[in-house]
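Below is one structure, written out as structure tokens; comments come after it.
In this document, chain identifiers A, B, C and D correspond to the written order of the chains, with residue numbering beginning at 1 in each.
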Amino acid sequence: MSKLGTIANSLRILRHVFRRIFKRPFTYFYPWEDRYYPELTRGRHIHVRENCTACSQCVRACPVVAIRIDKEDKKYEKDAALYFDYSRCLFCGLCVQACNFDALFHTPIVDLSADSQEKLIYGPDRITKIEREPLEWRGRKIR
Amino acid sequence: MKPDISDEAVELWFGPQHVAAHGWATKLTLVGDYIVECDPNAGYFHRSAEKCLEFRNFRQGALIMERLCMPEAFLAEYPYVQAVEKIAEIEVPEKAKFMRTIMMEVSRIHSIQFWWGQLAGELGLFTMVLWPWIDREYTLDAFEELTGSRHAVTYSTPGGVKYDFTDEFLRRLDLAIYHLENHLGKFKDMILKSPTFKARAQNVGLFSTKEALKLGLSGPNIRACDYPMDLRKDAHDPNLKYDQVDWEVPVLVSEEHGSGMCDAYDRMIQRFNEVDVALQIIRGLLPQVPEGPIIDPKVRAKTNRLPAGEAYGRVEGARGISTLWLKTTDKAQTPYRAKIRGPCFNSYYALKHLMPGLRFADFVLVFGSLDPYVGWWDR
Amino acid sequence: MSIWERWLFWRMSILTEVLHVAAATFAREVINKFPDVESKPLNDNGVELITPRTHIRDIVNMIDERFDDAFPELVFGVDLEEGNFEVIYIFWMRSSSLLLQIRIPLQENDLWVDTVSDIFPGFEWHERETHEMFGIDFKGHQDLRLLLLPDELEGQYPLRKSFKTDRSRLEESGLTVPKPKPSPSARPDDKPAKEADSE
Amino acid sequence: MQFEDFINWLNGIPGWLYDVLVWWFNAIWWWINLLWDSIVIIWASMFGNAEVLAYWFKAIVFPGLVFILLGIIFTVWATRKTWGRIQGRRGPYNLGKYGGLQLFADAIKLIGKESIIPKGAKRWMYRFLPSFLLVIVLLPFVFIPWDTDWVIVDLSVSLVLIFAFLTAIPVISLLAGWISGSKYTIIGGFRAANNQFASEIPLVLSTVGPAMLAGSLSVLSIAQVQADSFWFIFLLPLNFVTFLISAVMSVGMVPFDAPVADSEILFGWRTEFSGIWFVMTYFAEFAEMLFYSAMMVTLFFGGFSGPAFLPGIVIFLIKLMIVMFFFIIVTSSFYRLRQDQIVSFSWKYLLPLTILNILIVMFGMAYFGLYIGG
């Protein structure tokens, strides 16, 4: 490769790198700023107990058997309590598609970290409502 | 170590915990800086995908296939879907065929974007790791807009496609293609014209078409040796729409070695040709997407229990030919035997014949240029 | 059609003929050489050859000479329960777009086949994996060490149907235990689907 | 009538403001002098004379140890921030206003961490080498002429002494790699030694040009010569380029990164150091980078000579930042070369160029009377 060509290429590479410095960085400050989640995002589930008819199609559809159904614990006349084990769940969306009675939805909440496996099992009390306890870090409110 | 190798040879494990070894281990026998013998070992990521497939019904199997190679998720899950459709003779609606082909080409572009970053990381230039991965974020946003998940897309199922094209998705897809295209020139400068990459990558990892065929290398690695082996053209699949666009199989005649040999540098140029062809296909197919249903309504009934039969699903992945051989017994909910062929299974084995004679520092580059992904050989 | 065009068309057909070997012609060639091989056509230009294990090396050599672009895709085993196994080789010839599948039935007591990894090095790891997963011995293979399995699974051949996995949560997953036998004829006591479901 | 008074009053304000500022500045300055004199008096009462205090103050506090360590920490912070911006991300931002305290946090965390000695390592040499490396790298800073009177030591042969220290670094790297006991570090160590063959000769030879022009081997006098005449960069641009490339090569930054190639041999000869030893070797690399930038500033950009209204040391620091900024850009735009390519590149291209430089300077001085030095 001709020597001059190499030098010209090297200078062009240096120009690319130099011009990149003054552009806005791509990253954002995560806990305080967050990115846009489309409404189809497969995050945490919401179990609408009014429509649920305890047909356990979602339990059968789940490839990793992450949903456990408890048919005795009834709040309405025909529904059942679901226990979502988020340490096993793949967020693949097969259960939401298997449910014919619109009793199961995804929400764009994807940050589900917990310090023990038991806390990751969302029982009927947590799976049916979307509120979460407020979180504060470095003196600034995140949630 | 073979006994005839001189006694000053050093046995070095490019081991599983190594920074650049993404979970595989290779025993290199070095004499000075030269590799004398290379013995690749696999099995550190083995999750027995084939045994798991025997316990998943026909709607869940695509999930396992897709997790073998996340960067090309749309391409990796398709052999399973194709095999099930062949056995159950399910009719796929027209719109789903177009959407599948388009998303498979976008997934091919995403896989190449990911691979640029990976190879640059192995060659020490961290700038070129993050630049392609910034453009890749736009592609991932398009995936999330369409399917709801960035990597685990579970998009095509036997009988059609799960999510429909919304105009918000089309807007994000154009944004992703726009970002890729106006950075392609910059990436060509940074990679192909970089004097150090040229010094490092030329005449390294050389093999001919005959050798590649015997070793089972496929995909961009063999097309770089000017051998147009591409399943999209050779074995036309009725459920995909590659014939609606007139495009040529991207092959490359390397300027040093003539047509029939390729080295690491040519494989990099070949990836740029692949991106151009993929963009050409996407642009050709996007306006032709017809209206209509995206999934056969009675698909749940048809895929609940399948008749006995054998089928062979094949797709031209971003890394080579990935296939699935499926055998089902009469009225069983789960496959009887499923065999997965990963393209990187052979490219990792090929190191045994490609590496001897090269230097220790070239090992990372040669294997990186074959675009390895652990899921394919460890399954 | 002038004489010249007809001649050109005839010439081109021979050329493609040499290049494009139809599946049936190659199958007939193999059967002429080895009468006890039977062949079944697969879908578009594919053929399946069912041979005893003695001819495998000769057939693979024939493939190697006949097609200069034979692509070794797969070698794997299938456990058909009650002691009979199968080893299946799959080749892909791009020039004549021919998908060749060679099937070798084997019995439990003498599970061995000649290796083809010296003709097609691409098969070396496929054969190694089939050996460790099914116990099919490939005679003449360079190193039949374990490829994917950890050491403690050395002789247990996990992909066989006899290798039991954890089935504790199987009934929750709604899958019936995969036990219907692969016998080609429909089973006499064909249980209706509903009842098979509830086990 | 009131209008003129109003205008006069307005005109008086800037003068009044200036006086207030001067008054405040004098008050502060008065306090500093008071403090300084009291120290001198105490010192004189204890040790007799006051110049030793001035020397100790220079050696320890201002252009000496504390200043250099803060300079290294600033270098590491600037490098990480600039690398971040080049790669489209933000760089450290959590601690301090723009991530400033991140380096102190890292240092404290690493010092607090358990430092593991690998089984195969030679124990006492393993503990001694990193600190010895940091000492060797920090010693040449005494000769850097920050300002006309802020020089710690000025010897007539300081340029030669600097390179006496710097050639020891690859030897220590080889030793550190050898005794760390693992195969990867041995390969890293030998690559570091191999790297020295490549970078040492062009580095030393390309400083011969400015020394001949200035007519002396003392770094301070080179800087002073450039102060009254023009900077050597305009006379010897090629010399500057070879010095920059061989400096990058001897520091072992990315294009010539083989000794610490993280994707081939983990972290080269520095793999096994953890805790306090990692801090020392990490600082040694950035100290070396800071030192070579300072050398470039003194040899080619005229050290502390510049616009009059600024004190000498501020000019020096501004030029230092610019050269370091350029150093970072060069190191983050090329792929890593193999070790044999580094050696062949330097012997085939760098070495002839440096010898060409020396010839140019010789002919320049002999025929065109290009004789500036004292």
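Here, a contact is a pair of C-beta atoms (placed from the backbone, for glycine too) under 8 Å apart; a residue touches a chain by one contact, two chains touch by 3 or more.
Computed from a predicted structure; not experimentally measured.
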Core chain by centroid distance, with centroids computed from Cα atoms only: B
Euclidean distance of C-alpha centroids - chain A vs chain C, Å: 42
Gap in Å, rounded to a whole number, between the CA centres of chain D and chain C: 67
Computed distance of Cα centres, chain D from chain A, in Å: 48
Euclidean distance of C-alpha centroids - chain B vs chain C, Å: 24
Contacts with 2+ other chains: residues of chain A: 10, 13, 16-17, 20, 26
Chain B: positions in contact with at least two other chains: 56, 127, 131, 134, 190, 194-195
Residues within chain D bordering two or more other chains: 86-89, 332-334
Pairwise chain contacts under the document criterion: A-B, A-C, A-D, B-C, B-D
Residues of chain B touching chain A in the complex: 56, 59-60, 63-64, 127, 131, 134, 137, 141, 144-149, 152, 154, 162-163, 168, 186, 189-190, 193-195, 198
Residues of chain D touching chain B in the complex: 83, 86-89, 183-184, 187, 254-255, 257-258, 261-264, 266, 332-341
Interfacial residue positions of chain A with respect to chain D in the complex: 10, 13-14, 16-18, 20-21, 23, 25-27, 29
Residues on chain A engaged by chain B in the complex (per definition of touch): 1, 6, 9-10, 12-13, 16-17, 20, 26, 36-38, 40-42, 61, 63, 90-94, 97, 106
In the complex, chain C residues that touch chain B: 42-44, 68-74, 76, 78-79, 88, 90, 92, 94, 97, 99, 101, 120-126, 146-150, 158-159, 163, 165, 170, 173, 175-176, 178, 180-182, 184, 186-187, 190, 193, 196
